[in-house]
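Two complexes are shown next, each including chain A; its partner changes from chain B in the first to chain C in the second.
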Partner chain A sequence: MRVTQGCFSFLPDLTDEQISKQVQYCLANGWAVNIEFTDDPHPRNSFWEMWGLPMFDLRDAAGVLMELSECRKVYGDRYIRLSAFDSSHGWESVRLSFIVNRPADEPGFRLDRHEVAGRGIRYTTNSYAADRPEGQRYGGK
Partner chain B sequence: MEQVDLRREFNEVGIGEVLDQLDRELIGLKPVKTRIREIASLLLIERIRKRMGLTSDVPTLHMSFTGNPGTGKTTVALRIASILHRLGFVRRGQVVSVTRDELVGQYIGHTAPKTKEILKKAMGGVLFIDEAYYLHRPDNERDYGQEAIEILLQVMESQREDLVVILAGYGDRMDKFFGSNPGFRSRIAHHIDFPDYADDELLAIAELMLRDMNYKLSADAREAFVRYIALRKAQPLFSNARSIRNALDRMRLRQANRLVADLDQALSADDIMSLEPSDILASRVFSRGT
Partner chain C sequence: MNAISMTVRGKDRYKSGVMEYKKMGYWEPDYTPKDTDIIALFRVTPQDGVDPIEASAAVAGESSTATWTVVWTDRLTAAEKYRAKCFRVDPVPNSPGQYFAYIAYDLDLFENGSIANLSASIIGNVFGFKPLKALRLEDMRLPVAYVKTFQGPATGIVVERERMDKFGRPLLGATVKPKLGLSGRNYGRVVYEALKGGLDFTKDDENINSQPFMHWRERFLYCMEAVNKAQAASGEIKGTYLNVTAGTMEDMYERAEFAKELGSVIIMIDLVIGYTAIQSMAKWARRNDMILHLHRAGHSTYTRQRNHGVSFRVIAKWMRLAGVDHIHAGTVVGKLEGDPATTRGYYDICREDFNPTRLEHGVFFDQSWASLNKMMPVASGGIHAGQMHQLLDHLGEDVILQFGGGTIGHPMGIQAGATANRVALEAMILARNEGRDYLHEGPEILAKAAATCTPLKAALEVWKDVTFNYESTDMPDYAPTASVSM
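Our next item is the complex of A and B:
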């Protein structure tokens, strides 16, 4: 099941050229672009790990693309996303975020039903991938 | 066959202005200007060839500037960036000027991220590495500079379309640096040597700087300054235009002091603008025996 999070996730995967254009748009707006990765696809997982430091003061997307290809070499079997941080007063938050790399096989989510007092039911979603320990999901070593 | 109007091409990219500006604002440096004109013409033709489908690969544009301090290496680097940007060989045209400190780290694992951060900032523009020979320390084979050199070489080769690297430094030490790092020499297409300025060129530079600051030399002061240049050149640590700039700053100081000394006089704009011989002759250069 294809994970849809962030911008553009209902579109086909972006090519490197398209990624580069999006990054250039972010840089033109003065946003700092970060690379983050994770292998826990749960939509409520907000703890993605950062690849290196946020990239401030860049002028051209080539620098981000260089880091992205480095990150793909190491974590190509995981989700990688770019997020653009706007440091200007009043925003000071992420303005744009989109997935640029995803595992070849995304097994999707299981729905767990908990019966609670009074035959009430509580629902939880669990990612099949997260059943295995971190680092071994998606066919990693 | 498609016809190319070379004049229109030339005017369209607007490098004529940059080259004229170079001629106007930089005094002397004949061989440098000739080289830059040659490079600009080559790139203009290369651009046309690319459009006609006669060539597809990106020309190597990395350069090395050698010359004594204060001969205008950084200034020319800024102009080159502007020319490359107008011709479309770099996308953004910014110049990131660094020295060893900004590239090389202080402990294991510090250098690579540091060098890469600078490279990323310079992407789409020009990376100007001043005193590049400090990257290589022959007396210490575990020096982290070597790591920075390797990363630089790799990016210079693989991302030629994203980044132009200019190495700068004093002639003899750069020669030694290239001797011990043959990888650099072969990746650099244009070696440009900056000659020292002659006395009359230094005077012209001083007058240009003063004009920009709305000062002027009186006729006597001009004569004193000619003597100053001759004496200053003979002294150690002379760094061409930079020494001239510093001398002018000290002369402005003395002039201000002279004017403030007499608070009761009425000053005209002309008085405030002109430097007198006494402002120059008070310099230590004259008192020190040669």
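Our next item is the complex of A and C:
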């Protein structure tokens, strides 16, 4: 399966040139771009690991692409996403977020049903990959 | 026409008998509204032969302290403070016999945090007043002092996006069809297919409550199976607006509690449940981390005709105060009423922290929202993937695009319909961010995306000629070039 989180997951994977244009759009809006990675893509895992800090005061997308390339060297077997933060009053959160790297194989999620009183069911989503310790998922390095 | 005050003062003001409203203190052209006053703008159509100033003063009177005759008991009160004051009357451009009346109300006339009280005053009695042919409440200026007495949207746009983990694009939804007749199990099937195909939300229709073919618990249980299955299949957060509208508050609370127990992120209500019920559900939603969707069922009975009723921009303001998170606000290009400029005005009211006066959008006042949460407008009714560039241009990014027929009616099935919409949307956002002239290159951008997406190709083919071009019945009175002294 294909994890479809993020803004562009229904399109073919973006090329570095396409990624660069999206980053430039964020920078032109005054947003700080952050690189984040994880091997636990649970839909409610909000806090992916940060590859350094959001790149405040950056003007050229090339800087982000350089960092992304470094991050891929270390964590190329995991999910990597770019998130753009807008500090304007009334927003002060993420404005754009999209996946830029995926594991070669995405085994997806198991839905566990815990049957309770009446016809009620408590649902839990489990990532098959997350059954193993962090760093050893997706064939890990 | 804004002549001098005619107010009778002193002892003569209170002589028993009937006196014209404009002489009783309801017409005060020299009055400067205070920052804390509520200001209402009415479109007044007096009966033939009735002086527009007198008609406007009567509206001020009948929506505040006046009755048809002088009463001595006014003298026991600070009557001048409590009288609503009409301070300006302008002829409506290009509409003979209609007048815009600006009326200021002292803040003490209203109870804190109560749309019921506000509306009972402003639209309570006066709309049936005989000397008027018709009356419409066009807009209101709500002072910050009053705005701050309301909770506002339970969740708000930013927190909704954080909870749903969806940033940078409009959200996608679909209303389950057919509206009526599906069993709970069949209904859940539609929800699952649509969500798995790529939509973020599905939606109950306004009249899906608890009927013989599907009682509400059946719907809730099967829908949550569908939501959770689609979440696991996509790795994304999904939701379905479970309509908790019912005959009593007790029933609504019971349904909302059950939705929460099942892990739903969102519930929905209909406008017809009433302002107080809406405020109660908004408080419940805030307490229970629930997004609250409002379907504006019934609004066209009083918002659509230009000369009589209440403008939807006023309803949108009241609903932002009342505390809903989603509100249907028009599509421009779809099957339901919505002139582009007027619709833009509604969207601004939902989403901005400050609305400057924009007569060309029908926005008559500067309105500060004092950091009250923002409402997500919903575009629903007769829209399809082939219009994606126009929808993005008219409605922007913070909106929910709901393709009901445009998902479920897809020739290859519901999942394919959902995928077509999602691919079209992502392709358009990508192109916009790249700086392309997406509005004009839209068809080209869609065609290119369709080259690698068969469902989109089929959607573009089947709906290519569908448009709804009818003249609007409600549009702004001022053209963009008109200069009106304020």
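The rule is short, and it goes like this: the second predicted complex is superposed on the first by the 137 of 141 C-alpha atoms of A that agree within 3 Å, B and C clash if a C-alpha of one lies under 4 Å from a C-alpha of the other, contacts with A are read in each partner's own complex, and residues count from 1 in each chain.
Keep in mind that, in the parts below, a contact is a pair of C-beta atoms (placed from the backbone, for glycine too) under 8 Å apart; a residue touches a chain by one contact, two chains touch by 3 or more.
Computed from a prediction, not measured in an experiment: that's the story for all the values here.
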Side-by-side fit of chain B and chain C on chain A, or clash: fit
Partner chain in contact with A:Ala32 - chain B first, chain C second, else both or neither: neither
Partner chain(s) touched by A:Ala130 [first = chain B, second = chain C, both, neither]: neither
Touching partner for A:Glu67 - first (chain B), second (chain C), both, neither: first
Partner chain(s) touched by A:Met55 [first = chain B, second = chain C, both, neither]: first
First (chain B), second (chain C), both or neither touched by A:Arg119: second
Contacts of A:Arg110 with chain B and chain C, given as first, second, both or neither: second
C-alpha centroid angle, chain C to chain B via chain A, nearest 10°: 100
Per-pair minimum CA distance [chain C against chain B, superposed on A] in Å: 16
Doubly contacted chain A residues - partners chain C and chain B: none
In the complex with chain A, residue positions of chain B that touch it: 91-92, 94, 113, 116-117, 119-121, 123-125, 155, 159, 162-163
For the chain C and chain A complex, residues of the former touching the latter: 158, 161-162, 165, 167-169, 198, 221, 224-225, 228-229, 231-237, 261-263, 353, 371, 374, 419, 422-423, 426-427, 429-430, 433-435, 449, 452
Residues on chain A engaged by chain C in the complex (per definition of touch): 1, 3-5, 7-12, 14, 18, 21-22, 25, 41-44, 46, 83-84, 89-98, 108-111, 119-123, 125
Chain A residues touching chain B - in the complex, by the definition given at the top: 52-53, 55, 57-64, 66-67
